[in-house]
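In the two complexes below, chain A is the common chain; its partner is chain B in one and chain C in the other.
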Partner chain A sequence: MTTTTLYSVSYDLSRALLGAVGSVLPPGARDALTSSNAVTALAVLVFCVILLAASMLNTIVLIWWERKLLGRFMDRRGAMHVGYAGLLQNFADGLKLFRKTTVSPREADGLGFYFGPTAYMVSSLVIFGILPISSGWNAGALPLSLLLALTIFSFAPLFIFVSAWSSNNKYSLMGGLRSAAQMIAYEVPLLLAVVAVVIVSGSFDLTTIVYDQRNYWFWGPLFLALVVFVAAMLAEMERIPFDLPEAEAELVEGWNTEYGGMLFAFFMLADYLRALVGSILVVLLFLGGWTLPSWVPAGLTSFPLAGIVWFMVKTYAVFGLFVWIRASLPRVRTDQLLRVGWNRMIPLALLSVFLAAALVTVRCVPVLGCVPSVGA
Partner chain B sequence: MASEFNATEKPDENPVLWVARPMATAARQFAKSLFRPSTIIYPYERLEDPRFRTKVGVGSGMPIGVGPVWDNYRGVHALNIATCISCNLCAFSCPDLCIQMVTVPGGDPKHPKKCPEIDYGKCSYCGFCSDACPEGCLTMTTRYELSTTKRSEMVYSPAKLNEVFRTKLPMNPIRIELPKNEDSILLDPPLCIGCNACARDCPTQCITMLDIPKPEAKPGEKVAKRIWKEPVVNDSDCVRCGTCISVCPKECLFWGGSK
Partner chain C sequence: MSDMWINMGPQHPMTHGLWNLRVRIDGELILDVDPEVGYLHRGIEKISEDRHYNEVITLMDRCCYVAGLAWEHLYILSAEQALHITPPERSDYLRTMCDEFQRLASHIMWYAAFVQDLGLMSPFLYGMRDRDLVLDLLQDYTGARMTYEYMRVGGVRNDVPPGFTDRARKVLDWLGDRLHEYDQLCLGSAIFRKRCDGLGVLKANDCVAHGVTGPMLRAAGVKRDLRKDRPYAAYDRVEFDVALADGADVTARYLVRMEEMRQSIRILRQVLDWLDHHPGPAVAERLPRWLGAPYAPIGNEGYLLKRSYPKGVGFSSVEEPHGEAQAYVVNEGGEHPYRVKFRSPVFANVSAARQYLIGYHVADIPPIMGSVDICVGEVDR
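Let's look at the complex of A and B:
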């Protein structure tokens, strides 16, 4: 194996670590420590730690990226003082939240109150184990990774509702109800838009979907599905203009009204983790993942870790689109939200499914490009 | 009016425009402020920096940083200790009672020199003190930075105010020339004991003690025990600070009507 993968990196790291520790121990203990089982066990642990650190780091940088972009949209600069161009501001904010006492309301249901944010956070983190970042840079090549990622992604309303209900606060409860209604309404078009991609690619494996885009990215032929997917993803991430569950003008802070300190940080981080997952899914499904078109000069794709670099560039660009939408559009009303979800999004998504089926038959569309034949 | 809230109302234009138009507006703003947003990075950049004088303007078109908008600013005081006469008028005129006269080195031991110490935690920057100052030694500058981490650091000693004066900040040129007090210091002669306290403490040295004739003792009456001198105030030098009135032990000095 000459290609570097995330697992090979963590395996080498764990072997080096165990070898260094084992060299000072008696021979029996050394053999036990450096056996392949122990190395593999530690490698999995190191793998998880790397994944956790990378996803948290990216999440915090994503918050910085949003603040800076939003600042430019509003003719200001965003965070400036802590670190270069405010890069460390969110780390400072996180440390502050980490230090704070966690206060729970007297009437709150303790179990749900603490379980909700934790599970929300953990379920958002788990998705990162499934998403391929570059060729070889994922936890395992699951044949149904797209389905699994979307399944875990849609756990969120349950945890939000648990924490909203156990907060024992009317604003929290209303936010939780809105969140559940919204997420269920937009789950359907989201999945239908994904179905369009799956029809064209013929696989639920994200890695296969990316490789199927090696000639033509899917955003051209499946533009309608992309539009539906992005709109539904905005609602799933509860970002403006679909941030009704935490509409601060009417519901204080929605379902996280009663949360402070580290539990609030969990919600905040998980929101941005989900935003990151949403951007990554758009990149994987429609923008060719870590690949670049063939007309791009080879020098841009051959340097080490080029796949990850281009993947991150695309992800942050897609998130920039989300920020652009946030900066432009006002929040919609509940009735408008649900009307758009059920009356507009679902027909459009169904239309995109039929278009995808037609594309598979036709193979090539003059302007928009070609799609691979199923099973190719 | 009710139709505005009718959710089933037919839109009168293409719904795509509802999304596209605001996004175009936002993109235009983004492009405009991509390299240089309108905000300045305050602690690192300042409006008084000449770079911004031509760029940043207020509604009237008058650039911030020059002209009356800026020069009218009343900030931290500057105190010239050398010309201060310890008249107490600044403390007397202060509506917030934030000025205290404290002893500074340089006076003669018998009559210590007292200069204003200003508590900026209380100061309202009304400028009455600098208007009242007869010598023009307490002025207001355009300095506006007072942030500290301790409340005690908000109290500026005369030495610190003198430092502000010595940094040669632009002074507030608008100083209201108050009409001089039309009243003058009058004396109730029978009460005076000629103690010299008023002349001693007068900051402008405009009180002189003049000898008065000692009256002849009438039969059956004792001559009052006192120094046979009386204060005479030189009105042209007097700054109407009232120090003499406040130090007089017999309360024989008072404000009188115009002459």
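Let's look at the complex of A and C:
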């Protein structure tokens, strides 16, 4: 295999590491340490650490990106003081939250109170093991990676509801109920929009979906699905205009009212992890993923990280769109949100599925471009 | 979930101050509300009885922290009436200018807080940015941004500094453009209309029954504005229209306040022109020495001893940014008012909460209460 993957890098790294350690040990221990099982085990660990660090770092930079963009939309400069242009501000904030005592209400249910945020955070992190950021970045070639990613993505309402309920606070409970209702309502159009992509691509494998977009990104032929997907994703991420579960005007802070310190940081991080997952999914499903456009000079395409850089640029641009929406729209009301979800989004999503089916039959549409044949 | 009471306040993002709205809800539906005020009561009326007439002005600034000048004006009018003092014409215009700048600042503050309740963060900061320009102007001639202590019994403390009117005109030009931008961000947004249309309806009959005044009353289509109906200061000498809307809902109140800001700019332009062309004293010529000193400029000959000063009562009503404020001052002789009583418009507006909140959703509380424009300082006094 000639291509460098994240796993092969971790494997080489752990082999070199174990070899170096083993060279000073007696032969018996050296053999045990440099056996392929041990190297594989360490490689998996290294792989996970790299993935964790990369996703955490990206999340924190994403928060910075949102703060700066919001600042500009609001005619101010955003965080400026810690680090260059405030780049380290979020690290400082994180450290502050880390140092704080975690206070739980006396009447709160201890297990649920601590389990909720932790599970929410972990489940959001797990998705990063599945998403291919570039060829060879993900853990393994899963034939159903899209399905698995969305399944884990939809765990969230359960954890939110558990933490809201166990907080023993009326505002938290209302926020949790809103959150559950909203996420379940928008899960359907989200998945239907994804079905449109799957019909056109013929695969549940994100890598295949990306390669199917080598010539034509799906956003043109599947524009309706993109719109539905982005709107549903906004609701899933609980961002303005759909941030009712934590509408601070009436619910104080919604389902995380009682959380402070590191547990609050978990919620915050998980929210942005999910926002990152949402942006990444938009890029993977509709915007061509990491495949470089033809106008990129040949010298750059051979650069090993070119695909990742191109991918992240698109991801941050998509997130920028979410920030733009946040900066300019008011919040909707729960009943309006649910009505729009069931009465508008689902029919639109169904329509996009039919359009996708029609596209697969027609193959090529003038102006919009061609779709790859099924199974090709 | 069966029905339950929740306390929105005294510390709650919706309250914009220190008060408590108790709400009985069933799911998201509001079954009953019970506004509780009084957390910020400082006994301003009682303290006033122990203060020099001019020292009460300091308390007026604390009465409403976003419309201090309007409350100074209210008190000054009745105090002057009680003390039989007539201010010079120029101070009438200066006070009118104060009122209108204050109305602009207060309404922009209202706009900023109101849109933030709806989740609109950007216009909040635009509002705060633009309000700062008005505060800069106020600071320019009063020396303060919030607690001005500018008006005096018999006039105002000082005239505007040179070049002020030109600076003010520039700000008014800028604000005129910004109001258009505000409308684009709110009225132009379908979500905003969906959230606000038909919300918190308080019809004209109910307004009158509950003593609701100000923009809420005018939003119900009642043409009542004390600046027109019972003119004070220079309002009978400037041209402006009474802002009206007929929806009686949150959108109507928004429209009324936006139009009032436009009318304020119109009034201010006329006042600034007048100030440019009519120099003169800003304080009454003949003030009793005990009242003038040490605040008023030197040169006022005391013409009466305070012991023999004639008694009197004063009543005034002012269209402050939130509604009709009224003051009653009793002068029984002496340096201190014998009794001072204020009528806060927001107190009445909040008291009617049951009328315009029940039947709506929990998520509607912030925009509806935002459209009432609460200033707890004057509710509790």
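We take it that the second predicted complex is superposed on the first by the 371 of 376 C-alpha atoms of A that agree within 3 Å, B and C clash if a C-alpha of one lies under 4 Å from a C-alpha of the other, contacts with A are read in each partner's own complex, and residues count from 1 in each chain.
The working rule: a residue touches a chain if its C-beta (ideal position, glycine included) is under 8 Å from a C-beta of that chain, and two chains touch if they have at least 3 such contacts.
All figures in this text were calculated on a predicted structure; none of them were measured in a lab.
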item	value
First (chain B), second (chain C), both or neither touched by A:Arg72	first
Which superposed partner A:Ile240 touches (first chain B, second chain C, both, neither)	second
Partner chain(s) touched by A:Leu177 [first = chain B, second = chain C, both, neither]	second
Touching partner for A:Glu248 - first (chain B), second (chain C), both, neither	second
First, second, both or neither for A:Gln336, with chain B first and chain C second	both
If touched residues of chain A are counted for chain B and for chain C, the larger one	C
Chain B versus chain C as contact partner of A:Lys96, first or second or both or neither	neither
Partner chain in contact with A:Ile325 - chain B first, chain C second, else both or neither	first
Shared chain A contacts, counted only where both chain B and chain C touch the same residue	73-76, 327-330, 333, 335-336
Contact set on chain C toward chain A in their complex	1, 4, 6, 8, 12-14, 27-28, 115-122, 125-126, 129, 185, 189, 191-192, 194-195, 361-366
Residues of chain B that touch chain A when the two form their complex	7, 19, 22-23, 25-27, 29-30, 32-34, 37-39, 41, 43
Sites on chain A touched by chain C in the complex	70, 73-76, 170-171, 173-174, 177, 240-241, 243-244, 247-252, 326-336
Touching residues (chain side chain A, partner chain B) in the complex	69, 71-77, 80-81, 324-325, 327-330, 333, 335-336, 339
